[in-house]
């Protein structure tokens, strides 16, 4: 019966070798904390994501938890928080009535502005809210009509489930169906920024945190897109950053993390990344 | 194996039981691919049919609608169907001749030393993640088109076609080359002996003889093109219009699924499965048509 | 006339070959030129950080996880399935059905696998966006590859081997284990290597089932991103072509090593067996 033994041994060796190599990998690089209660899973908005990542990074230095952040868009995050796939959902728009009705609790962790951005070479630096609407609905299709060069306007918008997009559309005053058809659809703040930075014709909108020298920001009726102007309610393109959770899904670790974000230390990071403190 | 002799020893009995068990195990393993296929088809079709069966959406409107606004419950995928068809046909028009000619060159004309070096290199490229072709497309092809053709945007049908054509080249070359090499030497010798030139022999004798392999190469290439997702997302622009020119940006079926699956729920999510059904049908039709063509060729 | 036509066609053949090689060299060359500056010890073995270019060690580990788990499941199933089809089954409806299913699985685009995985493994089986969900999805994707290559190599095992072994009084299973599978080993191994290539290169199916968390996975139930998904995301999110290219170099090198390994193994084992 040696062949049975040999088969068995062969299979055993195969499995243990593979299993061991898998274990080795995990042993080498992960902390000893295999306790799954010490894990906070967060998913949602790509606008809130970078902020949450930075705070989590700092928080994990001093606390024995593992925070997992999936940037998949506000609507998906809220869905995950409702179904329990994630402990906390991140949203960059207010919760809808039906979402609140499903038992979600919201915590405002910061405020944030949305800024209209163009290629740095674009001469147009100031628009009225009405002009912004005309651009995004396709009524105005050339930068010439707005005092710029004779270039066709290429609109870059976020995808349909994006919190930034919903907030932006609500404030500017147009609906998803009215968005110009040939708009390039980019699935994330970074993606919009990259697309706009690469194209002289393009215009898009991003979170304050993503502002850098690769793109140029547009003032709205002469008001600069800054945190102060949002605080003084001069600049209206702003919205809250939310954490949404269900009471029965929230662990103590999750609770403590939320408390940390609201603490002065957490709010300092909020300010650092270019968002606006809650208080 | 028919009947177990009564007096068989214990060890032998065990042996027979083991034989029986293992053949059952092997059969079960073989059935796993059937089970997987049924599960996949079942799930995709079940979820994809829900909006039409339960929620009362019209399937015809779904196929012929030009508006895709999930937040307003408008689900029309005509623009994406057109986009997928155009992109695939365009990639075929460029990729197939170039790939096929390259394969012929490598198998028939190239000096041995050259072919020995190039063939494995091309084969290697067939294994490179398609995402990298998309990265190249976004970094080079998109800006190139925009600057050279003076377009408002480089994300366009043309960019998608180029990326897909390039991506399917290694697949087509590798498979077609193998098929052409497999044609027996005697075919060539016979043709040459009858006074045909080398080129005539290649195009009139060798390539027709390798037809089924060449067809397989094309099918594989097209399959890659129509199913490609991530590379396309990077260069398509994902606009929701029916492309009418090579410079329009577009959203093929695959990209629609990948872009929205992350946050879709309810009937929106089911509609993405319905998009999957349409994509599935395309692949089935493709395989069917090409099976027909190659069957004709065999006769 | 004839020579002119011949020469034109010959010209086209040269041109096509030149074009193919030029394009492919350009792409690989571009990726190397763009990315090589980032490649260093810290980049490969460093932890990921959202600022700067970040290390890719977590993505490498994630990729290794998905390869190992998918193969642990797919290899035995695939080999056994091929053994059934080649050595046990009688031609008939069942076999035709199995072959049809295997071939159909090959033709399904990976985004469909992604859709299926996202709803079956992630939601229905409640495995969540995780390495295990992605690996199970990948198992189905590579299964046909392993079945086909194993079948091909089983076909090449001469019937005299089987007859000789059986004539010595061994059982079918013993023959299979001691004679047939060892002779078919090179083919099986090349199938496994092909599968690794497929797993490494896969993006859409993993993107929808494993999520995009850019951190060291805690275990197989963690959400994580593989190298290929990382390359996609940094291109899309930050337009960081350099980083995407650097990851691309790592991927190309992995594919290269796999190819060399496949060639080496099949040569070595061929020598050993025949």
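We just call them A, B and C in the order they show up, numbering each chain from 1.
Here, a contact is a pair of C-beta atoms (placed from the backbone, for glycine too) under 8 Å apart; a residue touches a chain by one contact, two chains touch by 3 or more.
The structure presented is a predicted model; accordingly, all values stated were derived computationally and were not measured.
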Pairwise touch network: line, ring, star, complete, or other: complete
Interface with the most contact pairs, given as the two chains involved: B-C
Chain centre separation (subunit A, subunit C; CA means) in Å: 33
Chain centre separation in whole Å, for subunit C relative to subunit B (CA means): 16
Subunit A: positions in contact with at least two other chains: 72, 186-187, 195, 198
Multi-chain contact sites of subunit C, meaning residues that touch two or more partners: 76, 173, 236, 239
Multi-partner residues of subunit B (at least 2 other chains): 18, 233, 262
Subunit B contact footprint on subunit C (complex, rising order): 2-3, 5-6, 9-10, 12-17, 19-21, 23-24, 27-28, 30-31, 34, 76-78, 80-85, 87-89, 97-98, 101-102, 104-105, 107-116, 118-120, 140, 143-144, 147, 171-173, 197, 200-204, 207-208, 228-229, 231-232, 235-236, 239, 241, 244-245, 248, 251-252, 255-256, 258-259
Touching residues on subunit A, where the partner in the complex is subunit B: 1, 4, 72-77, 79, 151-154, 159-161, 166, 175-177, 181-187, 195, 198-199, 201-202
Of subunit B, residues touching subunit C in the complex: 15, 18-19, 22-23, 25-27, 29-34, 36-40, 43-44, 47, 97-102, 104-106, 109-110, 118, 120-125, 127-136, 138-140, 166, 169-170, 173, 197-200, 203, 223, 226-230, 233-234, 254, 257-258, 261-262, 272-273, 276, 279-280, 283, 287
Subunit A residues within the subunit C interface of the complex: 3, 6-7, 11, 15, 18-19, 21-22, 25-26, 29-30, 34, 36, 39, 41, 43, 46, 50, 53-54, 57, 66, 68-72, 85, 186-191, 193-195, 197-198
Subunit A contact footprint on subunit B (complex, rising order): 11, 14, 18, 67, 69-72, 74, 142-143, 146, 152-155, 233, 237-241, 248-249, 251, 259-260, 262-265
